[in-house]
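By letter and in written order, the chains are A, B and C; residue numbering begins at 1 in each of them.
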Amino acid sequence: MMDAKKKPVPVRVWLGALLIGVVLAVLPFVLGMAGQSWIRTLNFALLYVMLALGLNIVVGFAGLLDLGYIAFYAVGAYVWAMLASPHFGLHLPFWVVMPAGIVLAALFGVLLGFPVLKLRGDYLAIVTLGFGEIIRIFMNNLDAPVNITNGPQGINRVDTFKVGEFVFGRAETFFGIRVTGPEKYYYLLLAVTLLIVFVCVRLQHSRIGRAWEAIREDEIAAKAMGINTRNVKLLAFAMGATFGGVAGGLFASMQGFVSPESFSLTESISVLCMVVLGGMGHIPGVIVGALLLSVFPELLRAVVVPLQQSVFGEVILDPDGIRMLLFGFALVLVMIYRPEGLWPSAVRRRERKMRESQA
Amino acid sequence: MEILIQQLINGLTVGSVYALVALGYTMVYGIIGLINFAHGDVVMVGAMLATTVVLSLVGADPAGMSAWLAVGLALLAAIPTCMAIGWTAERYAYRPLRRAPRLAALITAIGVSFIVQNIAMMVWGRNYLSFPHIIEPMVFQLGEARISLLQLLIIGGAALIMVGLMALVHRTRLGTAMRATAQNREVAGLMGVNINTVISAAFLIGSALAAVAGVMIVTYYGVAQYTMGFMLGLKAFTAAVLGGIGNLGGAMLGGLLLGLIEALGAGYIGDLTNGVFGSNYQDVFSFIVLILVLIFRPSGLLGERVGDRA
Amino acid sequence: MSTMATSKTAGGGQVLLQASGLSKRFGGLQALSEVSFSIRQGDIYGLIGPNGAGKTTLFNVMTGLYVPESGRCEFAGHVLTDYKPHQIAEAGFARTFQNIRLFGNLSALENVMIGRHVRTRAGVLGAVLRNRATRREEEQIEARAYELLEYVGIVERANDIARSLSYGDQRRLEIARALATDPKLLALDEPAAGMNPSETVVLRQLIEKIRGDGITVLLIEHDMKLVMGLCDRVLVLEYGKVLAEGRPAEVQHNPRVIEAYLGAGAAKELGITATQEEQA
């Protein structure tokens, strides 16, 4: 009666995993041949995967539409920037700064979660949007009378990630192979991303994950079954915020510079787009969505700019504008034609079949 | 005291604009339960288009054309354009989702907002457009405070429009149909109301109001830019919620009130906080008002209590 | 079936739930006025009344979905009227819903597993680390879920999506899910609604089985045959007030109850008069 879970994993799954592992291991060197900027793109893609996975917990697992998610990314980034840069003259090690960023981000997550818990879907979305913007405005203005965030100029010369003597930001030569800063960062980000994926998978198939699903399906029934929906929702916010904070800290150390511009509403919406387009609640789908939507604009830029220059002699259509325009269309089209996303979870696929049979 | 009256005047002016935009939000929300994220961007298009029209008419020869004519032509261009945008969004993006969960419609609205914003950016660029100073800077004294011709026009114009809208909603067949649809869509349909027409009408009217609001805003502040829709839209939405979403009178009241709160807040915040927070935190007010209202009194000032049933 | 007599005397223990003076109004409508009653451990207690009598309102007040203007409801040492819905479930008071509120897109098994949430403990750390205690708890949750599906008779549908189950099976699934919370009192909101006679017989046997296993049952129902045949005591509501309370046979012959259902004057026509007891 106990089912398929206990069967041994088939050989082809192991082979597939091995193949993916090999690809992931050599990817930066392959891309490096096309130029270092592609490795940077890849690194940002990994950051977006982390963010998308974090938002997925809030939106996909628990069903709470958070439009201000980028605020946690901002908190994580600024904490790193403030504790590990010349700004305050602090250069604390990563094992102090990272946890500090995580704790503060999680705290903000709970603070944000508390007031919004009773709100209906669309109101919750607007309030979270408001919070996200408030955080950005504060980041932008807390340079007077006491200079905390250095305002619109941001904080620069932020310390890079350092483990003992091993510095991630600098290029080095190992056994005759030259490894650049971005390449080193790739492995760090990959490791953290894999860790986050692992945690998400574990959470999904646990008592907590089921509680989130219950709330998403029918909150009143969930309460009647003894689930403390307030605490469980707060947990979703806190977990999502934690991942955002981690990504933020890594971002700050990698980029070496933080400013409020990187944390706009557009970014929140972009991450939401990744989750929605990829497949809300489905971890592989969300990863694919994040990779697609972070890599595609760069590909677009690489194609569109030279194309326009050769045809028109100048760039008429701003590639950023095209990117956001396509995002907009993607959101609309996905919601109308495939709201469960490109790669939906089994639950969502069932919802789709239900919809189709009723139509 | 003079400052107070001055702030009140300023607040009423901006508040009138908020009210016009809030009406658009509240009409749509009242009928189909959607927060039309893209509404603010429609206002922006109205503002940008009006500026472009006036610039091209007047740019060469500032004294040559009557200000009234220029603004009139600007309105003539802006209103149909905005109505077209609103109609298109409803017809192709929102109508297919009428039976879908609310979050799907909200996400779609965000998508539409992005589309409108970025098309505007590609058309007009990222720079600010300056509205030429063609309106007479005539000023009237009210005791120690002053009210400009423009402010009078805005407050008066908005008031006239709001009266007209109330007349439409309460005295015409279309208005009755709209109110019926807002109360109970299915039954209204069964009673012979063409739901699609009513909903389209709500969007058309709302967008027309948005166009007028856009023209007002750009003549008042003198600048327009493709990102202006977001903040403005959010504030107007706050106004609609403050007054009671779905309630036309509420939208008007909320708009005026929010304008006043903002003006007074910006005016006095420096004094209140001993210079710690300046008027650059002005936008935060609206957000805080929004959050407080949604948490503590989601039905707004004039709305009905919204209960939760098992 | 004369098992009726035995099941009736099987109940009648200590008072498990005591409601006193519950009142609830919605705007101008007084949905409940001063409703008081008590349920004894081991009873199958019925709640009946014409439509609009306030049965579901009373139910929702007891289970924490509505806050009453006045009155109290005590249950196994807890004051339910102070509690939120999830605390009420934790205290041992489980319920089903009139309109069936299952987690539609999840499997039947997952639905029942969620019912175990309130009696289990694993948190985020346990979820991520999957230590021995967590793994054991997960195994127990799954095993108990299968047991309960078997108990209500739908174990072969364990991996089917809740929404795809037949109406009768969905009702039974909801009961299994409620039982997963290890309740002392199981409250069923119109469980027989929409069932045909043979399904109703199966339901009745299930309810008797549940009571036989030590769980007190509160039943809101319209199906008179089921209520009168199954319940030890019955509470009759009308217009938010208690009309009658007592054994089914007594209630059935109460002229006021008859008039509430059949109209004024019906009692007289049927030749039924109040006994001494009821006039008091």
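Just so we're on the same page, a contact is a pair of C-beta atoms (placed from the backbone, for glycine too) under 8 Å apart; a residue touches a chain by one contact, two chains touch by 3 or more.
Given the structure is predicted, the values throughout are model-derived calculations rather than measurements.
Novice: Which chain's centre, taken as the mean of its Cα atoms, is farthest from the centre of chain B?
Specialist: The chain farthest from chain B, judged by C-alpha centres, is C.
Novice: Can you identify the chain nearest the overall CA centroid, using each chain's own CA centroid?
Specialist: That would be chain A.
Novice: Measure off the straight-line distance from the CA centroid of chain B to the CA centroid of chain C, and report it in whole Å.
Specialist: The answer is 51 Å.
Novice: Counting only Cα atoms for the centres, state how far chain A is from chain B in Å.
Specialist: From the centre of chain A to the centre of chain B is 33 Å.
Novice: When the C-alpha atoms of chain A and chain C are each averaged to a single point, how far apart are the two points in Å?
Specialist: Those two chain centres are 45 Å apart.
Novice: Could you say which residues in chain B touch two or more other chains, in rising order?
Specialist: 310 - these are the residues of chain B that touch more than one other chain.
Novice: For chain C, jot down the residues that touch at least 2 other chains.
Specialist: Those would be 65, 97.
Novice: Indicate the residues of chain A shared as contacts by at least two other chains.
Specialist: 220 - these are the residues of chain A that touch more than one other chain.
Novice: Hey, which residues of chain B end up touching chain A in the complex?
Specialist: 35, 93, 96-97, 100-108, 110-115, 117-119, 121-122, 126, 230, 234, 237, 275-276, 278, 280-281, 283-284, 287-288, 290-291, 294-295, 298, 310
Novice: Using the touch definition up top, name the residues of chain C that touch chain A in the complex.
Specialist: 63-65, 84-86, 89-90, 94-95, 97, 101-106, 110, 113-115, 117-120, 122-124, 126-128, 130, 134, 137-138, 141-142, 146, 155, 159, 161, 163, 177-178, 180-181
Novice: Applying the document's contact rule, which stretches of chain A touch chain B when the two form their complex?
Specialist: 65, 67, 115-116, 118-123, 125-127, 129-131, 133-134, 137-138, 141, 144-145, 220, 265, 269, 272, 276, 317-318, 321-322, 324-325, 327-332, 335-336, 339
Novice: Residue numbers of chain A touching chain C in their complex, please.
Specialist: Contact set of chain A toward chain C: 1-3, 198-199, 202-203, 206-211, 213-214, 217-218, 220-229, 235, 239, 347-348, 350-351, 354.
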